[in-house]
Each structure stands twice: as C-alpha cells, then as structure tokens.
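Heads up, the next two complexes both have chain A, just with different partners, chain B and then chain C.
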Partner chain A sequence: MFRHTPLRYAALIILFSGALFTAFTAGYFGMEILTEILILAILVLALDLVAGFGGMVSLAHGALMGLGAYAFVALATKAGLDPWVAASAAVAITAGTGWVIGAICARSHGIYFIMATLAFGQMGYSYFFEQSFFGGDDGMVGPRRFDLGFIGINLNDSRSFALFCLAILGVIYLVAMAILRSGLGRSLTGVTHNEKRMRALGLNVWRVKADVFGLSGAMAGIAGVLAAQHIMFISPKMLHWTVSGEALVVVILGGLGTLVGPLVGAVAFVVMKHELSHVTTYWHLIVGLVLIAVVMSRANGIFGFIEARFRPKTDRMIQSIQTRDDAKEIAKDA
Partner chain B sequence: MTPDLSFWTMQTLNALQLSMLLFLLSVGLTVIFGLMHFVNLAHGALYALGAYFAATLASHAGFWVALLLAPLGVAVVGMALYGGLIQRMRKSGPMAQVLVTFGLIFVLLDLTRIFWGDLALAITPPAILAGRVDILGVGYPAYRLFIIALGLGIFAALALILSRTQIGAMIRAGVDNDDMAACMGINVERLFFIVFCVGCGLAGLAGAVAAPLLSVTPGMGLEILIPTLIVIVIGGLGSLKGAIAGSLIYGFVQTFGAVLLPGVASILIYALLAAVLLLKPVGLFPAKG
Partner chain C sequence: MLETRNLDKSFGAIHVTRNVSLKLERGERRVILGPNGAGKTTLFNQLVGEIVPDKGQILLAGEDVTALPVAKRARRGLSRSYQKNTLFDGLTVEENLALAASVHAGVSMTLWRDALQSVQVRAIVEEVANQVNLMPYIHAKVSEISYGVRRQLEVGVALATKPLVLLMDEPTSGVGPEMAKGFHDLLAGLPRDLTILIIEHDMDLAFAVADTITVLNYGEVVFDGLPEDARGSKLLRDIYLGAWEDA
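What follows is the complex of A and B.
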C-alpha cells in the first residue's frame, strides 16, 4: 500500500511552498513555466498511477490528454457549451476512453502492452491530424478560461491561473492517494506483484486494470483541459506518442511508483528544458544523457535516489533483497 | 479516375517497395528482440545514421561505395553501443531498456544535427538506376525496383542462412531457449554480439537505400520507428517469417489505404495493430509458440 514517509511529506511541503513562492514572486515568464510544470505534473501523476503502481507502461497518456483538450475545445466552441459543462464532459470522455483502452490491453504484458497503448494513442493522433472538422494539422484556437467571477477570481490573470492549476494538482494528488489506499488500489498492487495469484483468489483482474486506467485517463483529461486553457491553442501534436514518451521520461527521472517522485521529475524536466534551451539548441542531447545515466545507475530516479540515501541501513538491505526478488519475478513473467 | 490494370500494378509496386524498406529495418530489430529479449528503440536512429553516412560518402566516393560502406559504418556504431550500453542493460527489464534506448534516440538525433546540421540532404541515385522501367505498361522508377530486388535478395539470403547454415541453427537455438543453447556449448554472448551488429548494419543499409528516395533529415529515424515497431508486433517478435509478413501487411494496407480510403488510411493500420493484438496477443508468427 502507498504510504507517506516523513521524507515524502517533507518533499511535498517543499514543492508546495516552492510553487506558492514562485507564484507570488515570479514575472510573467516564470509564471508560464510554473503553470507548464503544474499541468505536466497532473499528467505524470496519472501516468505514475498506471505505470508505477499497476505495471502498465502506457504510451497512450499523451493522446488521452490531447483527447481531453480536443473534446473540451470542441464542446465549448463548436457546441457552445458552458466551459464547466464542456470540461466535465471532456473528462468523462477521456475516462471512458481510458477505461476501454485499459480493458482491451489488460491481457497484454510487457512490450506488447506498450505497443498496444501506442497503437491506440497514435490512432487518436492520426484521427485529429486528418479531421478538418477539428482543424486538421492546424489545430484549433482554445476557448476562454473558466469563469470564477462568482468568487471574485479572474483566471485570465496568469497568477490566478497558476494558483488554480496548483489547487487542481493538489486535489488530484489527494485523489490518487485515496485510489491507492482504497480496495481498488490494493487489488492493483496485488495484480502488479502476482497476477496469477490474484486471479486464483477470485479477483476480476481485467476489471481492476480497466478501472484504474479509466481513472488515470480522467486525470490525463483534466491535464488536457487545463493545457487547452493555458496556451489557448491545441494541435494534434499534443496526442503524438513522443508526448507520452516524454511523460514517461519525467516519471522515471523523478522516481517510478512514488507519486512524489514524478512531481520532482516534472520540476526537474521543465526547468532543465528551459535552462538548457537558453544555452544550447541541443538540449535533447543532455536530457538523453541524463536519462541514460539515471536508468543505468539503477536508482529509482532522483527521488528514489534521495529516499535510498535517507533510509536506515538495515532497511536498505531488505529493500535491495526485495527489489532483487521482484526483478527475478518480473524476469520470469516476461 | 477508375482503377485499371496500370493503377493496380503501380500501387502494388509501391506497396512492395515500402514493404521491403520496412523489412530491412524490422528484420534486425525482431531477431535482436527474439534472441536477446532486448527492446531497441534506437533502431530508427541507426537507420537515420545510415542515411547520413550514405549522403556524406555518396558526395565523395559515389553511390555504390556509400551503399557498401554506410551499413558497415552503422555496424561499427552498433558495436560501440553494444560494448558501452546494451551489454550492461541485457539483464534489466523491458522498461529500463525502452528508456535507455529512448534516451539514446535523443542523443543520436542531436548528434546528427550537430554533425550534419538541420537542413535536409539529398543524394541522387546512380545513372544506371535513374530511369524508368516498363512493367505491364507502367513506367516505374528503376531505383524503386532496385529496392524491391534488394529486399527480396536480403530476405532470401537470411532465410538460407537461418535454415541451412550452422550459425543459422545456432541463432534459432538461441531464440528458442538461450540457456539451453549455452549448455550445449554455443557461445551465446558472441552470437548476441554478431546478431546485434548485423541487425544494426541492416538498419544502416535501409537508411542508405532510403536516402535517395526520401530526403535525409534528423527526424527520419523517429518517423520510421513506429511503422517498424508495428511491423514486428503484427508479425510476431523474433521470426523472419513474422518480419516479412508484417512488412507486407503494413506496406499493402498503408499504400492501398492511402489511395482507396484516403480519409481513414492512417487510422487503418493502427486499428489493424489493435485487432491483431486482441486476437493474437503475441502477433501472427511468433518465434516461440
């Protein structure tokens, strides 16, 4: 089961106060970067839920986010719905799509699961790329942001919007935690550790996977709605598999299956991207090298590395034995 | 225009040409996976590297030298990658391998940009292949026919090597059960190394062959990666038969889809992949049952 160690609480407090501090001190450009981090953080939380805790490495999450953005924009501008209604409908659509993808892919494992989700993601990409109704490869102009005038907040102000995204991220973090602590989350952990045993115990395995994938899809959809409102423009590029690949890189960079790690990863990735692209146009080269180094070091990302440092030595030994056994188990399954 | 014989001939040849290009790429990837259980996402980047090597060599030494040396150059890069990275990643799970090779894509992509710049390069096919050949009343570019012939030739050669030679038998044994093969006295590590280098060389060859057809850009490796992965997953990992079947399916669905059902063509191939994975979760002709 997912637990908060003091270290995780400390990391959350540092991240949260860092975000608040930035929101009240940064200029326009800093605010844009902060909002970008917050939206990416929602997406990678969704991905960590399925990949880190469910062992379902998805390359469809970028597409789910993009689907959320497209559904929101189309419903709000073409159908003329109220932004709140359009957003709720868009999230419901991505949840349903995620559920269906999860249900279909539930039987596949390892590289086949990755490929199956990739297929569904690219299907969505191609669809929106071709459909002139949705603007084709030109994309669409996003609608106005949510109206929070009734509580005196104007989201067109970039600080208010950043704080709004922070609040949403906080809620989503709590929801993800609640999911992991619920019966569904515990079943998911069981399935990840030993699917056959859980099936023998009478658990409906595909149902668990589909439900979690659907919930994760809903979160990705929320990220999509916010992204559409943030940049006020959407294009099929949001659905491309490389977006999912980058999200996966962020999760790994931060620390898979820790919930806190991906948040750290999102901060590190976006800051690294912006800082490096000032210095050199070849920032992908450095990101690639960092990624290779992180994976080869066998630490579980930046946060996993820190956690391993802070853990008492006996714990560390138990952990290393456990991971070795887990690795054997996974190798046997593959 | 009403589809007539020349239309069908033309499109069939186009489909075959695309299939053969994909076959050259996917066969290396699929055998590497079948033998080593290694997921090499950087295979497409090696293809791009092959195209760049070919473009540079062709401008200095002519097309045929480029066609011969570019795959060798890529095989040497493959050797370095094997020694530096792949060997160490062999025992890790598929997730770590996917990520390391994903990182490798970034690195190789930017390295090609640093060495060759962002502009597209072009090479002209040699004079002997520059014209058109008349087939069933259709004037078809000779160079594309050359690709089809080359692909079929490589397929025949690989089929012969795998089924008739000792090293072929060793590779089949390794794909079937590498531990057992090692017990029987086969040097599996050396086998892995050879197969990996040959696979990289074939990717380089595909890049060199594709260079005169498409323009050589840094992004070409990323563009071809997904079709290649689709081919090997539809065909089933690890088998030559799967690679050729997957390539033909992809080539024909893509080509005929684009001319007959333009609206849904790009979705068609992904739908097909999803359908295959649903009905036969390990592909059509997997190496292991």
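What follows is the complex of A and C.
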C-alpha cells in the first residue's frame, strides 16, 4: 500500500520551498526553467502512477500529453471555446483515450505492454504529423493563457504562470495520493503484487488497469494543456515516443513508485539538461551515463538512494520519540 | 451447491481429468485424495476457471458457470486457496484480508475512499481474522509472520470473499503436525453452511474433517463415499502404496 514516510514529507517540503524560492528570486530564464520542471513533474507523476504503482510501463504518455495540448488548442482556437472549457474538454479527451489504451493493453504484460503503448503513441504522432487541420508538421500556435483577472492574477507574467503550475502540481500530487489510498489504489497494489490472485478473488483486473490508466491520462492531459499555454506553440514532436522515453528516464532517475522520486527526477533532469547543454552538445550522453550509474547502483533512483541511506535514521528517530511518549504515558499512569 | 458433470481435460496425449462427476451439497465438507499427478489441482483449476475443460459442465448453486471467467466465478461465490502461498508480501495481514473483503463489499474500485475504512470491509476482516486465528498478527507484514501463519492467512484471504464454496488446495502443505491439528480446529470452526472441498495429503486431517471422500487416480474418480468406507478400502491403500496398476 502507498505510505508517505516522514522522509517523503520532508522531501516534498524541501521541493515545494525550493520551487517557491526560485519563483520569487529567479529571473526570466530561471522562471522558464522552473515552469518546464513543473510541467514535466506533472507528466512524470502521471507516468509513475501507472508504471511505478501499476507495473504498466507506458510509452504512450508523451502522446497523451500531446493529445491534451492539441485538443486544448484546437478547441480554444478553432472551435472558439473558452480556454477553461477547452482545457476541461481536452483533459476529458485524454482521460477517455487513456482509459481505452489501458483497457486494450490490460491483458498484455512486460515488453508486450510497452510495445502496445508505443504503437498507440506513434499512431497519435503520425496522425497529428500528417493532419493538415492540426497544422501538420508545422504545428499550431497556442491560445492565450487562462484569464485569472477576476482574482487579480495575470498569467502572462511568467512568475504568476510558474506559481499557477506549482499549484496545479500540488493538487495533482494530492489527487495521486488519494487515488493510491482509495479502494482502486489498493486494488492496483494487489494487481501489481499478484494479478492472478486478485482475479481469483473476483476483481475485474482489466477494469482496474483501465481506470488507473484513464486517470493517469487525465493528468498527462493537464500537463499538455499547461505546456501549450507555456510555450504557446505545439507541434507533433510533443507526441513522439522520445518524449515518453524521456519521461520514463526521469521517473527511473528519480525513483519509480515513490511519487516524490519523479519530482526529484524532474528537477535533476531539467537542471542537468540546461547546465550541461551550455558545456556540450552531447549532454544526452552525460545524462545517459548518470542514468546507467543510478540503475547500476541498485538503488531505486536518486530518491531511492536517499531513502535507503536516511530511512533507518528517521525510523530510529520516530521509534525513540514513540518510546519517550510511551514512557511518559506509563509514568503518568503510575 | 457445486456440481461437475462429465468433466474432461487433456493436455496433448495426457488425459488429466476423465469424466469427473461430483455433487457437493450445501455445507458438505469433501476431501479429495489421490497420489501426486492424480489430477486434483487440475480439477481445482477447472472449477475456478483457470483451466478450461474440454468437455463437461460445472454448476454453482444450480447455475452453469463453465463458460464464466475466473473473476466472475469468484464473485458468484467460488473461492480458493492455493497449495503455494499467493499472499501480498509487502502488505500487512489486515491489508491482505481487506483486499479480498473489498471485492466482496463492492469497494474495490472506489475513488477518494480508502477501502480499509469501509465498515463492511472492517467487519469482514475482523470476522475472518477471528475465524482463522489471525488477530494476534493483524498488523504484522506477511514477511514478518511464520510459514504456518501464512498458510492460515492463505485460507483467510479466500474466506474474506465470503464464498458459498471454498476450495482449499493442501492447506496444511509444509506445516508440522501441531499446526496441522490447528487446521483441524480452524476448519471445525468455520460456518457449517459453507461448502468446502479440500485437497489433502494428511490422512488424519482428511478423515477428521471430511463428510465425504473422493479419490482420484489418473484423473478418474475411483472412490466416492463416506470416510468410514474409505478408511478400510483396499483400493485406497493400493493407490497410496502405488499398487493401483496391479489392483
């Protein structure tokens, strides 16, 4: 079952504080990098939900994010819908598409599941690449950002937009936690542990997988809507399998199946990308070496390494606090 | 409550179930005996839907369930425990039972609500934990409890779906004589209206708990009757001594 340890709460507080500090101190470029991290963090949270907790390693999440972006832009610019309505519809579309992909792929496992999701993702990429209605390989110009003028917030300001993305990420994190602690989340844990046994207990295994994939698709769709608003331009590249692959790298780099880890991974990946790309055009090579080192260390990503190193210490601290409290209780009773 | 009619299954040239017809009444406790390779577990797998029979019918509470998938049969009231533990190792005893109970309680797909907080799930978990003597270990992780207790939990998980028919595949497999006796008490304590079909090699336990006994050999029913008739049966002795072919 999903458990949030004190260390995870501490990591969350540090990450959140760091994001707030950056938002209020960084210049324009720093703000852009922060927003990029926050949007990537939403995508990798969505991926961690299915890959880390459900064992469904997906190479379709880039496409789901891209679908969200295209649906949002098309509904807002071509259909002329209010951006909030367009965004809600786009998220509903990605949730539905995710559910269908999850339902179809639910019976496959391992490499076959990965290949099936890859196929779905690439089908989406090819469609938007060829479809002139959506701008073909030229892509589309995004609509203006959400209007929050009624509460005095101008999202065209990059700081406000970064803080808006941070708030959305916070909400999505809480939603992901709620899902994992719900009946559906517990069933997902059961399915990941032993699918055959859960089926023998009467559980509709494919439905659990499809529902979780649909919810994850909705989250990826939200990342797509924010990405379209952030760069105000979308292209079929957003749907390419390499985006999904990169998201998977971030999840593994941070710590699969921890929720916090992918956030750490998103920070590490984007910072590495920007810092290393100043030094060399072969920055991917260095990221690859870091990933290999992380995988070879047998720790569950960067956060897994931190957990393995510090968890016994925090456990001991909690135990000593509990023992002290118990002793106080006994003394009081005496 | 549970009936098979002319159930037949082959894997290539190997005939594993030959025309098996059984009828279990409500509340009946039947033990299936037979040497290794007699087709006992394969019969179980067909009953729960993990293997599709080539021929024949399976009826649960009068309904033909032969074509139903595993999950649907389980929801109709057919539950099983496995010969090898199939528990959720990283979870506690309580969470293992709750996973099974949440399916029965219809809260296994709910969002925004923890299944463990459901009143119905908590009631089932408590009831089953008491039935299979798991209360002392309720908050322990599976990895922290002994093998014998895990066998109890294996049965508990199957019971937590509140089945009409419980199939138990060698519940005492790998446990010592003391623990096997404990299983006898455990079985005796289960509700009398629960129909139970058990595969068991421990003869003492088998004869102690069985209302009826079925003996399988080479996939075929060679004995079907009362324990007292089975006890003195030369046929049964010959099968277990491996002299069936000469008998």
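In this text, the second predicted complex is superposed on the first by the 312 of 334 C-alpha atoms of A that agree within 3 Å, B and C clash if a C-alpha of one lies under 4 Å from a C-alpha of the other, contacts with A are read in each partner's own complex, and residues count from 1 in each chain.
Note that contacts are C-beta pairs under 8 Å (C-beta built on N, C-alpha and C of every residue); 3 or more make two chains touch, one makes a residue touch a chain.
The structure displayed is predicted, hence computed values, not measured ones.
*Asks:* In the overlay, answer first, second, both or neither for which of chain B and chain C A:274 touches.
*Replies:* Neither partner.
*Asks:* Of the partners chain B and chain C, which touch A:296 in the superposed model: first, second, both, neither?
*Replies:* first
*Asks:* Going by the contact rule set out at the top, does A:159 touch chain B (first), chain C (second), both, or neither?
*Replies:* Neither partner.
*Asks:* Could you say whether A:114 touches chain B, chain C, both of them, or neither, answering first, second, both or neither?
*Replies:* Only chain B is touched by A:114; chain C is not.
*Asks:* Answer with first, second, both or neither: which of chain B and chain C does A:8 touch in the superposed model?
*Replies:* Neither partner.
*Asks:* So, does A:245 touch the first partner chain B, the second partner chain C, both, or neither?
*Replies:* first
*Asks:* Taking the superposition as given, does A:198 touch the first partner, chain B, the second, chain C, both, or neither?
*Replies:* second
*Asks:* Taking the superposition as given, does A:237 touch the first partner, chain B, the second, chain C, both, or neither?
*Replies:* In the superposed model, A:237 contacts neither chain B nor chain C.
*Asks:* Taking the complex as given, what residues does chain B use to touch chain A?
*Replies:* 33, 37, 39, 85, 88-89, 91-96, 98-100, 102-107, 109-111, 113-114, 222, 226, 229-230, 233, 237, 263-264, 266-267, 270-271, 273-274, 277-278, 281-282
*Asks:* Quick one: in the complex, what on chain A touches chain C?
*Replies:* Against chain C, chain A makes touches at 1, 178-179, 181-184, 186-187, 189-190, 193-194, 196-205, 207-208, 211.
*Asks:* Please give the residue numbers of chain C that touch chain A in the complex, ascending.
*Replies:* So the residues of chain C touching chain A come out as 48, 50, 69-72, 74-75, 79-80, 82, 86-91, 95, 98-100, 102-104, 107-116, 118, 157, 161.
*Asks:* Residue numbers of chain A touching chain B in their complex, please.
*Replies:* Residue list for chain A touching chain B: 57, 104-105, 107-108, 110-112, 114-116, 118-120, 122-123, 126-127, 129-130, 241-242, 245, 248-249, 252, 281-282, 284-285, 287-292, 295-296, 298, 327, 330-331, 334.
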